[in-house]
Amino acid sequence: MMNSPLSATLSTANQSLPNLPWQDRPPENSDVVWRYDANPIIPRNAIPTLNSIFNSAVVPFNGNFAGVFRCDDRRRLMNVHAGFSQDGIHWNIQPEPIQWICEDSEISKFVHRYDPRVCWLEDRYYVTWCNGYHGPTIGVGYTFDFQTFTQIENAFLPHNRNGVLFPRKINGRYAMYSRPSDTGHTPFGDIFYSESPDLVYWGRHRWVMGPKPWTWQSTKIGAGPTPIETPEGWLMIYHGVLTSCNGFVYSMGAALVDLEQPWKVRYRSAPYLLSPQTLYECVGDVPNVAFPCATLYDQPTDRIAIYYGGADTVTALAFTDLDDILTFLRENSEL
Amino acid sequence: MMNSPLSATLSTANQSLPNLPWQDRPPENSDVVWRYDANPIIPRNAIPTLNSIFNSAVVPFNGNFAGVFRCDDRRRLMNVHAGFSQDGIHWNIQPEPIQWICEDSEISKFVHRYDPRVCWLEDRYYVTWCNGYHGPTIGVGYTFDFQTFTQIENAFLPHNRNGVLFPRKINGRYAMYSRPSDTGHTPFGDIFYSESPDLVYWGRHRWVMGPKPWTWQSTKIGAGPTPIETPEGWLMIYHGVLTSCNGFVYSMGAALVDLEQPWKVRYRSAPYLLSPQTLYECVGDVPNVAFPCATLYDQPTDRIAIYYGGADTVTALAFTDLDDILTFLRENSEL
Amino acid sequence: MMNSPLSATLSTANQSLPNLPWQDRPPENSDVVWRYDANPIIPRNAIPTLNSIFNSAVVPFNGNFAGVFRCDDRRRLMNVHAGFSQDGIHWNIQPEPIQWICEDSEISKFVHRYDPRVCWLEDRYYVTWCNGYHGPTIGVGYTFDFQTFTQIENAFLPHNRNGVLFPRKINGRYAMYSRPSDTGHTPFGDIFYSESPDLVYWGRHRWVMGPKPWTWQSTKIGAGPTPIETPEGWLMIYHGVLTSCNGFVYSMGAALVDLEQPWKVRYRSAPYLLSPQTLYECVGDVPNVAFPCATLYDQPTDRIAIYYGGADTVTALAFTDLDDILTFLRENSEL
Amino acid sequence: MMNSPLSATLSTANQSLPNLPWQDRPPENSDVVWRYDANPIIPRNAIPTLNSIFNSAVVPFNGNFAGVFRCDDRRRLMNVHAGFSQDGIHWNIQPEPIQWICEDSEISKFVHRYDPRVCWLEDRYYVTWCNGYHGPTIGVGYTFDFQTFTQIENAFLPHNRNGVLFPRKINGRYAMYSRPSDTGHTPFGDIFYSESPDLVYWGRHRWVMGPKPWTWQSTKIGAGPTPIETPEGWLMIYHGVLTSCNGFVYSMGAALVDLEQPWKVRYRSAPYLLSPQTLYECVGDVPNVAFPCATLYDQPTDRIAIYYGGADTVTALAFTDLDDILTFLRENSEL
Amino acid sequence: MMNSPLSATLSTANQSLPNLPWQDRPPENSDVVWRYDANPIIPRNAIPTLNSIFNSAVVPFNGNFAGVFRCDDRRRLMNVHAGFSQDGIHWNIQPEPIQWICEDSEISKFVHRYDPRVCWLEDRYYVTWCNGYHGPTIGVGYTFDFQTFTQIENAFLPHNRNGVLFPRKINGRYAMYSRPSDTGHTPFGDIFYSESPDLVYWGRHRWVMGPKPWTWQSTKIGAGPTPIETPEGWLMIYHGVLTSCNGFVYSMGAALVDLEQPWKVRYRSAPYLLSPQTLYECVGDVPNVAFPCATLYDQPTDRIAIYYGGADTVTALAFTDLDDILTFLRENSEL
Amino acid sequence: MMNSPLSATLSTANQSLPNLPWQDRPPENSDVVWRYDANPIIPRNAIPTLNSIFNSAVVPFNGNFAGVFRCDDRRRLMNVHAGFSQDGIHWNIQPEPIQWICEDSEISKFVHRYDPRVCWLEDRYYVTWCNGYHGPTIGVGYTFDFQTFTQIENAFLPHNRNGVLFPRKINGRYAMYSRPSDTGHTPFGDIFYSESPDLVYWGRHRWVMGPKPWTWQSTKIGAGPTPIETPEGWLMIYHGVLTSCNGFVYSMGAALVDLEQPWKVRYRSAPYLLSPQTLYECVGDVPNVAFPCATLYDQPTDRIAIYYGGADTVTALAFTDLDDILTFLRENSEL
């Protein structure tokens, strides 16, 4: 299924996924994105030796699903584990972190790895994550089989977070979103776009968009799942952060950006799509967080399943329809 | 009922309200203020397109009740909506914000409006709120019918919050409490008193009271509902904020101030009256907030209903007796 | 029981406590420390006039149990109260704070007292607490009967917190752990060891250990219960704090230190033993706090009951076995 | 001279001042504002018991000059003293602070008074200053003779600084610029305009202008001397602050604002007029400060003398021509 | 002279410069670096319309010298100007900023440009500077003649400062030092090394070195002049910053790094080479700054002239011998 | 001379010192403390390999003078050196730091040593300094001959600075002033008093005095030279710090405290005695610092010479008369 002719022009996310996890929108609910009613799908103690499993990325894999999961152990070290599932809901997560093969010992030393994204690109699954190398930066690696993982060069200088690859080359070059940051829990952050001829050297950095004052995304924003290609543009689901009178609130929104110039934003959701409102989003290691890192998309039914972290503690699932979300964007956009 | 002869000398808050929402103090409970057992009376999603409804002000109106409600929409823009109720508990809130009529376009531009108070004064309902005009300041307007609302001049220069009008003139002048602030989530704040001959020009500013170290009100304080006139003085219910090891806690207290010199405090509750202890006060967009903005008072029964925001997310109700609270103040006062 | 010959060489904590509160580890649970299933054992409103009861210290007393409890009243003043229990679970806490007898009025003035520890040492119960004297420092006092309490000199200059006495002299001198701090909610903190010939003059200060980057104890650490003497060393249960993207998280860990040079750490738990994961640990006046202040140890069964505060609001109980925790330390140590 | 018919329509600043202190622009100097070559005219130790004399205001008085001077004593208390001069350069400053007559003891208590301005308005000299009243606010008083001074109500609620009166009523009301601030050394600050019917109650607050990023006025700005009326508008000389890699820099600029709507800015100097570059501006109690508080203007010769504080330590003098500065503004304006 | 055969293997900096500005070390002076006795060579008002000229880069050019100078105008906008000199001491600086030719309007918009470096590389002079593009980053451009300047892509994502090119390719790729930063006056900063196949896409980022606690370089460090190639390694002169009790101090030091792996440091000067001690280094727009941006090197005499900014206000000159500085490094190195 | 019978009751500071450095008060100067006209007596480069020499302590020694000097080397490491002088003005400072003999390697490891004080006490010269031991604390040592120096235990836990011994036992115990601090450039600081039976264990901590708002000593204060015993009490010269709009200002003041209860302040100078006003006090590594660390007192003439650091860069000298300063204190005291 991964090798259908369609993949020559459209990225893998735009495929048929008959086993996409799904639940219809409840009758009384008019929201464009709605929660799975058995959330969280992965509780914090799914693996007894870990502290939490969240902010994780899943992809279709061999007719089933595979993923890379952020797992904090009970030292609270942040690392990434591989996992597998037949239905996208019940996951078998490896108890041990991924062991990365890396030629250069200078960059392979583990400091921390967190908030992974996974992207099928050309012939393999690329993984990007926030990688500790004298500050947070974007680690990059790949796997063909979710058994063996190879780490390549960090994409950028520190300090950076939320690196998200595009599922195909743009203008003949690899493309990535990221959010330049600082050493700590940065109270600022814009999304930038960068290109690379070879996934090693990156340049042609372009500013995409920044926070919007007085809104749910007034403090900082960062790209979320791998963008979904649509005829109108790339659908980017992202997180935005508001500084309340008593801490941060991480919510989820969406934008539609130009297909060939993905730093040009066509629509940007003025309202959030989903904000932390349930106990598993509001209470946990980091209160008030809904943090999307992956989507699954089934083109025939137009359905999208969104995987997001709750309170930096658990993994949850929400649903939407591509057509609905595009309509919502067109009707609720403020650039 | 609003036009009884009594209103010549006592303000409207001190009237008969036979339909005041009420619930007796539970038998096992000795607190001077107790919660309504079906709180929150207005959940965050009472209007599906909004994010939350809280920190709102209600008044008796035409034998029923009307109010101005802080409604954050899903952009997290803060605005105020009108609402109506027959019992003070079940509310019909307008889905659209109040449209203010204002002669001067310089001050009528919307930035944000939040934390409204409503006060019957002379012949109309005045509304005050935190108004964005190159910083937060006190917006002022009025309505006769909760259909048409007129905005007049901002009371003060920025940065100010929690502007609360007195329900009658004092010394022949309009009177207001407010809390000078700064541009952000100010970690300081005293209550001041100001007078105006015409609700446009304000002066004769007097300091009323400030935070008290090591207590629930050690970081900042701000006036809450319209003060209630009693023979002994004005009853002021207010909020106080404590900075804990891990964020702020907003609780509710009371003071009794001089009738003609309302910057002179006679009693001030050393203990809080109510602090955030329930899930709807502790968990939400802003954890640990109980924020009072309005009271209803029924003189014949001496009952007071207090409307307060929970976690900057929902609207809740609590009750007390005027005589009880005055006794409590006399016995638990620390100036 | 307190006066057994054993106390000549081993401290009182290492005694027989047949009525130690206990609950077996649940079958499905492999954690080295597990929670009491009826937690919290002391809810916040156990005494109606108080705000909360937590971070408290209990000891065996006359065949039953006694303790000194941190009680915040509804002014949110922090003070310590005596309490008694027959089973260590159901507590009768005095509604009024302890009245300290102190010869010198210069140091006896109440500012605040919090986070007490209690330690049987030689012939009496010593109490240490965080004492306000021109800044937080370590208050010291003693009682023979939990009726009459005498305050002696503060151990150190401000600013200090979490002073924990050893249950016997070391090298002929009294010994104490403490955590030098600053005036506020200090974002740093190491554990130090000090000695005194007479509990009045302190010196020979030695650094014990500090935070560990990228872990649950990366911001600050502080000693918890009175150390438990074992043949291999002193078992020190302590708290560690992590700064998340949205506030602090206070967890519980353990270390084993040298018997005669208690500033030399032999093992230190890389994983936490218990982190805030339940509602009573995650939601309250200070979210995300599990703060241990006391243990009871029954040598014949090797059982340990740990008393800890939840969310700076309630008192909770957890259990472990000494042998298990020592094994855990040996196998999970990172210095 | 103060009572010429011209004063009916133009303010006193626009008068003939044949004894205006003056020094021609040096031949090699093309700056629109140039320094007096014997600066500072008042050294820090002009009165031996004081620490410094600076940020002061002078006016024509009885054919000579009088002024109100900020004098910090050697406690570093900030207060204002009267002073007199025949030539505007050599000043006889009273060694004791001004004793203010004030009816209301609530507002007359001395906390600190600093950065005075003086303005001839209608029939007397008004003095405004930064006045400590539970935070900094704008103190207001007047004198007829610089012997007896009367304090009236503070103009605004705290926190405010740099209150500057206009020398005539505008739209039938008194008019003042001010800069809302916070409790400390505020890193923000816009200029606002307010009106009053009686110098007691103030309202109709209008935003005038704020900082400009990446310039000498990027952190905060505040009005300086009493505005000078010209046919084209009010000439406002003001200070602007830049945050460098190592502290603040206070420079001097100018704007021309509408005569009847002084919150509408017509021209605003993109370059500064004078920045701290001499030792007496760069070295002192507050390094890198040039802070203008007064001007003298001689209409026949078009000359302006500017009094400014150097390094918050000494008083200095600079010169310009009104026509030159207006030309400079027209040619170098960025709004 | 620029095209000598030597340039095939050694970079242009390592050439003969008979007209190198020079002054012998004063007899009583044993410092490895000593100041020019007529400093500053460029005063702040060298061009009357500017505020200051400093932190600038010079190179040999057509037998004379050319340079790119940081010039702050009197708006305090930061920009770069070209300049020319016959002796390296007396400079003719263009009164207007460089006009950059740039194909892509997205990146050519001026926000600010500062702290330029110039590097002869292969066939032209490359200029790097701190460039405002949604935050500070490294702007890159080139010129052949110091008349026409072309801007190419920014090297990195924001936030970055102090980008310094190597004068030849290393391992077949262009090479640059830079210092990742944040949005403001960053209190941290390490030097990193990056490579590029084409000066557009950058990668293979390697950490070089960071601050050293308790020293002149304890807060942040940044590369300075173009490195000088020596048989033992690249000589890197850099700045380091100390946070004193009252602000920052910027001093100058040196390191010797591996020729082919310039992220490996062989020697690093434990003492500074020069710290701000003269009035022109200690007093000015930014007190206490000595900031090197360029060197000239004359191989036959082994002489080095160092250009550095004083107090972010003026341009100064210092001297050393290559052999002396290498000896000094070997004898005073702490890694 | 050091062993006169007087020393049995009065401390050594109160002796005859015929060779006390001295200069009469200039005729036009009415200040109670006046500067030496050839200041600084020790320039920053007195030893070529050092960065600066300041904040140092001198005592009478064998008919001449000896001292312990803070010397920052060119790494900016802070250490203490011995020095000798015949006239107290021209000093021969050892180029190498003092090598401390210390039995316990745990506390003798060098991190930094700064701001020494020296005190003749009983039979030897004690040295106290700010000593780095997991944070700043008070290092203590002694010498008999300024050749051999022995380090004993640190007096207190971190974080502490400005430890100053009394020159005789009080109430039979050694006595010390100190200023509890935090890890950085603490913006707070009170003076405390502590006692010790043996100079190893310290206790009976008493608060002495704190900052005074709105004055030269509003941010923090710290003891300076060894107190001088007078019949009326101990004369304590100390430093106070003010936070200006642009950094700190360190000035010098005095207090007179009770002879037997030195935590009871009798007089405290409302004005400063000396504030940074000269170039060598205002310009240097730390601008605006006058920091006293030692006095010499000649009882027959009543003369006092004060040694103080200028701008944390040089050593300066000032003079006063004991009787004058006591009169000044009595007449200018505000507690």
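So that you can tell them apart, the chains are marked A, B, C, D, E and F in the order they are listed, and the count of residues begins at 1 in each.
Assume contacts are C-beta pairs under 8 Å (C-beta built on N, C-alpha and C of every residue); 3 or more make two chains touch, one makes a residue touch a chain.
No experiment lies behind these values; they were computed from the predicted model shown.
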Exercise for review: Please decide if copies subunit A and subunit B contact each other with the same set of residue positions, more than half shared, or with different positions, and reply same or different.
Suggested key: different
Review point. When the contacting C-beta pairs are counted for B-D and for A-C, which pair yields the higher total?
Key: B-D
Review point. To lay subunit E over its twin subunit F by CA atoms, how big a turn is needed, in degrees to the nearest 5?
Key: 120
Revision key, fill the gap. Subunit D to subunit F, mean C-alpha position gap in Å, rounds to 42
Exercise for review: Could you tell me the distance, in whole angstrom, between the mean C-alpha positions of subunit C and subunit F?
Suggested key: 40
Check your understanding: Which subunit D residues touch at least two other chains?
Key -> 247, 283, 287-288
Revision key, fill the gap. So the complete set of touching chain pairs is A-B, A-C, A-E, B-C, B-D, C-F, D-E, D-F, E-F
Exercise for review: Spell out the residues on subunit F that touch subunit D in their complex, using ranges where they run on.
Suggested key: 30-31, 214-216, 218, 242-247, 249, 270-272, 275, 277, 279, 282-283, 287-288, 334
Point to revise | Interfacial residue positions of subunit C with respect to subunit F in the complex | key: 106, 133-135, 137, 153-160, 178, 180, 182-183, 186, 188, 190, 192, 194-198, 200-207, 210, 263
Revision key, fill the gap. Subunit A partner, complex, touching residues on subunit B are 44, 48, 51, 73-78, 111-112, 132, 185, 247-248, 250, 283-289, 312
